[in-house]
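Chain nomenclature is as follows: A, B, C and D, assigned in order of appearance, with residue numbering initiated at 1 for each chain independently.
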């Protein structure tokens, strides 16, 4: 899933300064699941903004809505009535959500309330970690299902650097050295030969940015 | 000074029915006085109290909010009190962002028989909020 | 005129290399001083490449300076700051200016240095960089295009014999050997028993691999303790830390020189490895003392 | 606008006592002016039968839709009022209470201020009443068999007690014989029976009961289902099988462990643990060399532990009786807080056991086969005492049984910081776990002496009985519920629920959503607070109800 994080209120306040009526839009998919932009977070941000504007003596009216997926044009179009009532939209979706809303409503300024961080998974309650770099050329078959591109601080393909420190990464001693994990996993599966192979430099053309995938329907 | 004396803060106390609410009852039964401007809202567990409930309390004009739950390791719902503690911590940040002093929200733990403790907490927070003055978003 | 490093390597002589850290800025006075001090006492001089991810005068520029002053430079190249095109281009240039030795490293993480917000490149890793050198030598570039004029380098790499766990490190080491590394400089070593075991493994793998043991000068017991606890892949035996602690105040470096030269002597006398790479980290002026004390 | 609300407010002045503080008629008059308030009555004794009948009649006659009671604390009579309104045909959850006695008139001596606050409290309750929702109840048949895990003293006692209550019980024990720690103890002081005698008597009772099924060398693998209908997978001598139960009692006891790390030395032939000493005392043949002086140390690795203190006292007496010689107990605080334990301590003293109280743990040195102990005696104003002994007996720390971690995670029952099972509420309900229908007895969750463990076992049995006495149990349906349309299936609630009461289900054979298991739900509302999609509603503590109570801020203060 896509993992995002709320921007500091200070930044959001700056974006919407001067508007008297705004719409905050949540997204019901990834960012709800990572507690960043679901209906609850919309309500929290809305409450915070009301309190802040009250404190500063500003007038601010907020409409709230949370849609299934902000990255779908048809679903975003359903916001039309509400968008027409406001001067600006604050999106609590990922970057794709912000851009979809901005595209559907080109006359209305759309601002991001979140920082989209990475593709990842929950590690514990309220903790999400990056596990996929969306590099477009999946390498996991060679590394026992542990991605060195994301989980090695240097993204090395041919083994660890000299900074492995008792199985931890020298860059962040909290984090495991991905190559130690890969070694252990492949050893467990009797597949160390895979690790002994030399892998040439990555093909950065696997995704020509901006990425695009075209598929014929099966 | 005079203004401070005249200021009677609105304080909301979310009280866990398993402990703090009963502690408030105990205070009453023992005729231990505490400020009458502390308004108790009974909840099934401190873990039921949502960040939103507290934010709304400030929107409605509260000057201070207490969350009162069970002592650690004595929560009937195991983690309810710990969750409440974490939420209050999160709330401190959310309120600071808005420009409301995080000290206006506090969590304490009590046992049902701690009437004196309830009254002491009520007095303490009342004094603290008086010191801080009315909520800036009132 | 210095002897080509490759020749020295293959001569059977106990090889000694030193290290020059380029300055932060354009004042090359001290660097030149160090070069002049060391160039004739060692077989080659390494030049670090934005060491510890701290931006400095370039490795390539300093290597040229060594060349100018009659020394034999080993150009260190890390993968952190340049993509494959920049690395290739730099090698073409280096070759035309007579630089014949290159040490291929991954490079430290950008976050440990003084440009923490910069983009870390790591387009290649050290094994791929070694490969790249060999491809350029074949008259092609990484895009498989023909070169008008190829290069020829003596390429080396590094290895950490005390890495924990060691197995993944050795796999990578073998890959570097396969990629054509002609010599290896090791991370600092202090425990010769451990090092001998590593060398047994190396000799068993391929007798022709040249290993230069990394000798880092200890300056104090505190540094020895820090190296042991905080520098990945470095093990300083307690006995050495204790020995450093016996040094009188202000005589730590003296003690360090004693230890370094003792290690070098033993490495040479017992023919444990093929040479040493001496790193004095900011105290280049004492390197001649170390070498003298080692009888080199 | 007619919103269908017909609120009835019932004021009670508690036998006229509260009327002395304020004018109830004035409150009534004020309340009658509020919108939707259909009826206001004043009673003197709502907790008495005749007033209840009147209340029911009023509710029916006036067509009251929601009931507000302003009286004493809901902790006292809320359930009674729920029953009353239910009998009057209003759903029992359509009740909102204002605590004007304990939390108002009793607490605030200033009459004027108290009256103002009472008014505010009642209006808050009225505001809340507008958002009340009905919750239906259903009855679910339960299996009345009980599973007791652990055949130590607590487990045996629980099984006998359940059998007395006419509940069929399966008692499983992982060892080959029943008895647990009783098989190890030398004496049971202050109880004047030997462990063997006590165990024999209890086992005889177990044998005689038709409704106790004992399975030894058997272990619990896992449990599915909920209270009333648990399905337990058990591994016994004849392989694995499944049996169904209505309730489960854990009586898995404790293990002990010597911590050389804390003591700073290892065990040896003259430094032994309590359990090793017990073996020594039990062996019928005389020991080769009778120790002439024996020292016990407690409160070093496990301060305030009843278990280790009691074994020290019991065994000190045992040593004195068997070997004579000098016996000394070094301790920080003896926990003799149970029936007969003070007597046990006195017996020790009378028999000549010496006690030395320390604050700083004693220094223990081994010298030529002898043990020297140096300690500051607190009772001798810190005088340095130096003594030697042939045999040093060290305490062992109580640790949870090996399988508790596995069982706690497969059954989803909580563990405390030390890894023992955590009780629902240490004060209010110490034998209940966080899961409905799973109970604890004995030392698997607390540090208890034998008498306490036996009492607990009975309590656990009674709790199981309370649950299963009727063949059906009443369950609130959808008191807390997930809106399947809004649920994003993020698993947040499933992970957060302390009672393992939320499961995943497929709606319309398609979308996966979370669903509350009514039987297991204990209504804490944590799920409603954590849901990032605001898809969970706790009907008796909904956001609307809680927020409605905030409406009044600034007024009536």
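Brief remarks follow.
Here, a contact is a pair of C-beta atoms (placed from the backbone, for glycine too) under 8 Å apart; a residue touches a chain by one contact, two chains touch by 3 or more.
Note that this is a predicted model, so its numbers are computed, not measured.
The set of chains in contact with chain A as well as chain D comprises B. Here the largest set of C-beta contact pairs joins the chains B-D. Centre-to-centre separation between chain C and chain D, using Cα means, comes to 65 Å.
In terms of their C-alpha centroids, the spacing between chain A and chain C amounts to 40 Å. Chain B and chain D have centres, each the mean of its CA atoms, that are 26 Å apart.
In chain A, the residues that touch at least two other chains are 40, 43. Counting partners per residue, chain D has 496 as the residues that reach two or more other chains.
Chain B has residues 52, 56 in contact with two or more other chains.
Remark: the chains found to touch one another pair up as A-B, A-C, A-D, B-D. Put simply, chain C touches chain A in their complex at residues 80, 84, 106-109, 111-112, 120, 122-128, 131-132, 142, 158-160, 163-165, 167-169, 171-172, 174-175, 178-179, 187, 232-233.
Interface of chain A with chain D (complex): residues 28-29, 32-33, 35, 38-41, 43, 66, 125. Those residues of chain A that touch chain C in the complex are listed here as 153-167, 170-171, 179-180, 182-183, 187, 192, 195-196, 198-202, 204. Note for the complex: chain D touches chain A at residues 486, 488, 490, 492, 495-496, 531-535.
Contact residues on chain D toward chain B in their complex (touch as defined above): 73-75, 99, 101-104, 106-110, 113-114, 116-117, 120-121, 124, 414, 416-417, 422, 424-429, 434, 496, 498-499, 522-526, 528-530, 538, 540-541, 543, 546-547, 549-554, 557.
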